[in-house]
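What follows is subunit A paired twice: with subunit B in the first complex and subunit C in the second.
On to the complex of A and B.
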């Protein structure tokens, strides 16, 4: 464990050196994430200038849900962004063979080889949105609430990571499963809005099959009073751990089946 | 004779695009999901209302569907150019017997033609079946809509090329292109009709090219832009296309003289 922490630190240090070399790009990257998220928030605020509530949800309640989604996504984005590249950067190029030769967990190496600095912009914007929303909603925060919030955000991030890992693993058989990961991740946009606006089928899929509902909506319900879904909110960390375990097992299974492209 | 080589480039690009079936299905799935999200979102917005600032639910859904379709035609050529610049391939490209910008344009037209037949048409059928698209208001509006769409797509390509040319100056263009995407998403009306925006915002957008990308053609279709406004709007689109065409050429000609190619 200590060895891994030390290794990760070495990887990160290297990465920051590269980052400082392209300082301008770092700024542009953070700025562009701002732009992206801003577009989504802008859309919502324009719509809410014409309506009072969406299916009974107020603007700031939806903003709160957004905030959790942003933060969870940031956790995934900063530390696990390389999961996206397993197919074309490791398997297609034969880089994975190099990694398998080393006496360190291969998944750890892949993950550690990249820190996505743009995610810090996401973290910042998610935090501000959450803060703004909870202020407007007049929420009071006890120490316990803050701890739960951190756990929920972490769980949300873990679910993104698990889904990403699970579908990236298909690369072992199809060389690059990025299109599949991309397609599955387009489902995560559903999670930005209160799930009650969707049909039963969509809710079922986002709860029991691809659990994106637990990345924002369900955990947010812990902090809203009298909205129901408390059981789902409390289940969030369990769902996160379960998802990760399933994804990691599947990854190990794929790794055993792996035959190099030989390039 | 001159045109022939560009037609060949466009045709070969179509074949290249056809080869990536996995990506095709992925993007079909992703756009379909986006349409469903929009559908449920607008349903919820209109739960207790018949109109939002004069727009009915069926009009809003029609707008959302068409805007989402049109949004698929954004960019592509600029990213290719940026890639060529970053990896040094541009040096070889500049030696070849065609104008690089024309080549990229030709490939872009190829890609977008195949996108239209392979993605847009089937997605429109899905949208008509599950979401509902209003029929056009008149024959004239269909005609004007078609012209407007072509101009909008051309303008999108030119704006994308402009960002691509800028990568002669900044090596990593990824951030820049994401920024471009965000600005266009907000200001083009790709997610929401510009008429819902505050007045000051609408005034600003009158003087910017972005409304010509999505809002103008779609609003012509839905009747949001009325008969008298149709042709002036198309003229403005045409003017933007002309302006960007010249600007991209000039900037490219200037940048090429200063180009530094890395070992690549």
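On to the complex of A and C.
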């Protein structure tokens, strides 16, 4: 564990050195993430200029849910962005062979080989949005609440990671599963809105099949009073751990299949 | 009994290959009905390699070299048979095995693309948990041997092929592995860099007793680096012996190249029939293979000149490359 932490730090340090060399890339990356998220928020505010509430949810409540989604996504984006590239950068190119010949967990190496600085923009926006929304909603924060918030954000990130890993693993059998990962990830946009506005089917899918509901809406419910879903909110960390375990098992299964075909 | 470095028994590996008719139509058809063909890449290989041995592992493309090496490295799982590298099953205990092996795999890099060479080495030091003092000692030696000094602060992506390959070699040997797999380490390099690399492999392997498995298409590599040659053809070992034995076996083989005056035809003197084999011959240029032991070059030339209008003539001592090619010959003519 200590060894892996040290190794990760070394990978990250090197990465930051490279990043400093390319300041413009860093700025453009962060700005483009800013742009994406402002567009989403802008769209939301336009909608709310025309309606009072969305199925009983106010603008700032939805903004709060957005904030959690952004923060969770930032965790995934900053530290686990390389999961996207497993198919085309590792399996197809044979880079995975090189990784398998080193005495370190292969998934760790893939993940550590990239830190996506663009995600820091997401972190910043998520934090700001959350702070703004909670002010407007007049929420009060105890120390306990802050700790729970951190846990929820982490759990949200873990679910993004798990879903990404699970679908990226299909690259062991397909040429590249990237389109599948994209398709599944587009579902996560749904999860930034209150789940109660959706049909039972969508709610079921986002809760039990691809648990994006736990990346924003359910954990947010912990902080809202009288909105229900408390059990779901409390289950978030468990769902996160379970998702990761399943995704990792599937990854190991894929790795074994790779060892027998080598393609 | 001293332990063997690599012990391979009845190693088999086959791939499933999707059979598809040509063209778009074939591709669409394959979408609905799949037919697989089994390609046997490795068909039962036995190997026993001693510690410190340097083995040239050669064969045509597709002979199964890379597949074997991937199994030795633990990346691929054998379909049958067993592999042990210093007693470790490379696939079952991949991570444990990874500590004792190093590799250079052709065009793929072991280094880290964006970061300078020195930092790449540092990261590898951490990955292999090499003690700092040992690492410094090793690196100092490698820098001298491979002239790495001017490259250390250059990001890997900016290195030329020759520079990169020198760094790759350093990276492969950095943790003092017991076995190193080198897949085409000299491909596309200038002759002087090839020399540097060959000398490096020899010296390090001598100093540390590193076992080296080298695949290459350059016979000069084999001749200068290896003490044993294994030839693989269509998934089977067709030759496995000391390099001196190989040389001795074919030591007496010679080729006589003859160019005749224009308009004359070649006549084999009756006195030498049965002692020479006519190789590729055109109208006025003839190649005769003969055994130096059975008939001396001088004797043969005398006989030939007596019966023919010879314009030019030379005796060729076969190169390593030809020796190896001869090994395939039975397969080719069959």
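Criterion: the second predicted complex is superposed on the first by the 257 of 263 C-alpha atoms of A that agree within 3 Å, B and C clash if a C-alpha of one lies under 4 Å from a C-alpha of the other, contacts with A are read in each partner's own complex, and residues count from 1 in each chain.
Definition applied: contacts are C-beta pairs under 8 Å (C-beta built on N, C-alpha and C of every residue); 3 or more make two chains touch, one makes a residue touch a chain.
Please read all numbers here as calculations on a predicted model, not as lab measurements.
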item: Fit or clash between subunit C and subunit B when superposed on subunit A; value: fit
item: Subunit B versus subunit C as contact partner of A:259, first or second or both or neither; value: second
item: Which of subunit B and subunit C A:17 touches, first, second, both or neither; value: second
item: Touching partner for A:101 - first (subunit B), second (subunit C), both, neither; value: second
item: Which of subunit B and subunit C A:175 touches, first, second, both or neither; value: neither
item: Of subunit C and subunit B, partner touching more subunit A residues; value: B
item: Partner chain(s) touched by A:7 [first = subunit B, second = subunit C, both, neither]; value: second
item: Partner chain in contact with A:147 - subunit B first, subunit C second, else both or neither; value: neither
item: First (subunit B), second (subunit C), both or neither touched by A:36; value: first
item: Superposed arrangement, angle subtended at the Cα centre of subunit A by subunit B and subunit C, nearest 10 degrees; value: 90
item: Overlay on shared chain A, then closest C-alpha pair between subunit B and subunit C (Å); value: 9
item: Interfacial residue positions of subunit B with respect to subunit A in the complex; value: 22-23, 25-27, 29-30, 33-34, 36-37, 40-41, 43-45, 47, 49, 52-53, 170-172, 174-176, 178-179, 181-183, 185-186, 191-192, 196-198
item: Partner subunit C, residues of subunit A touching it in the complex; value: 3, 6-7, 10-11, 14-15, 17-18, 93-95, 97-98, 100-105, 113, 256, 259-263
item: Subunit A residues within the subunit B interface of the complex; value: 22, 24-25, 28-29, 31-33, 35-36, 38-39, 42-43, 46-47, 49-51, 54-55, 118, 174, 176, 179-180, 182-183, 186-187, 189-190, 193, 197-199, 202
item: Touching residues (chain side subunit C, partner subunit A) in the complex; value: 15-16, 67, 70, 73-77, 79, 91, 94-96, 98-99, 101, 103, 105, 108-110, 112, 114-115, 119, 122-123, 126-129, 155
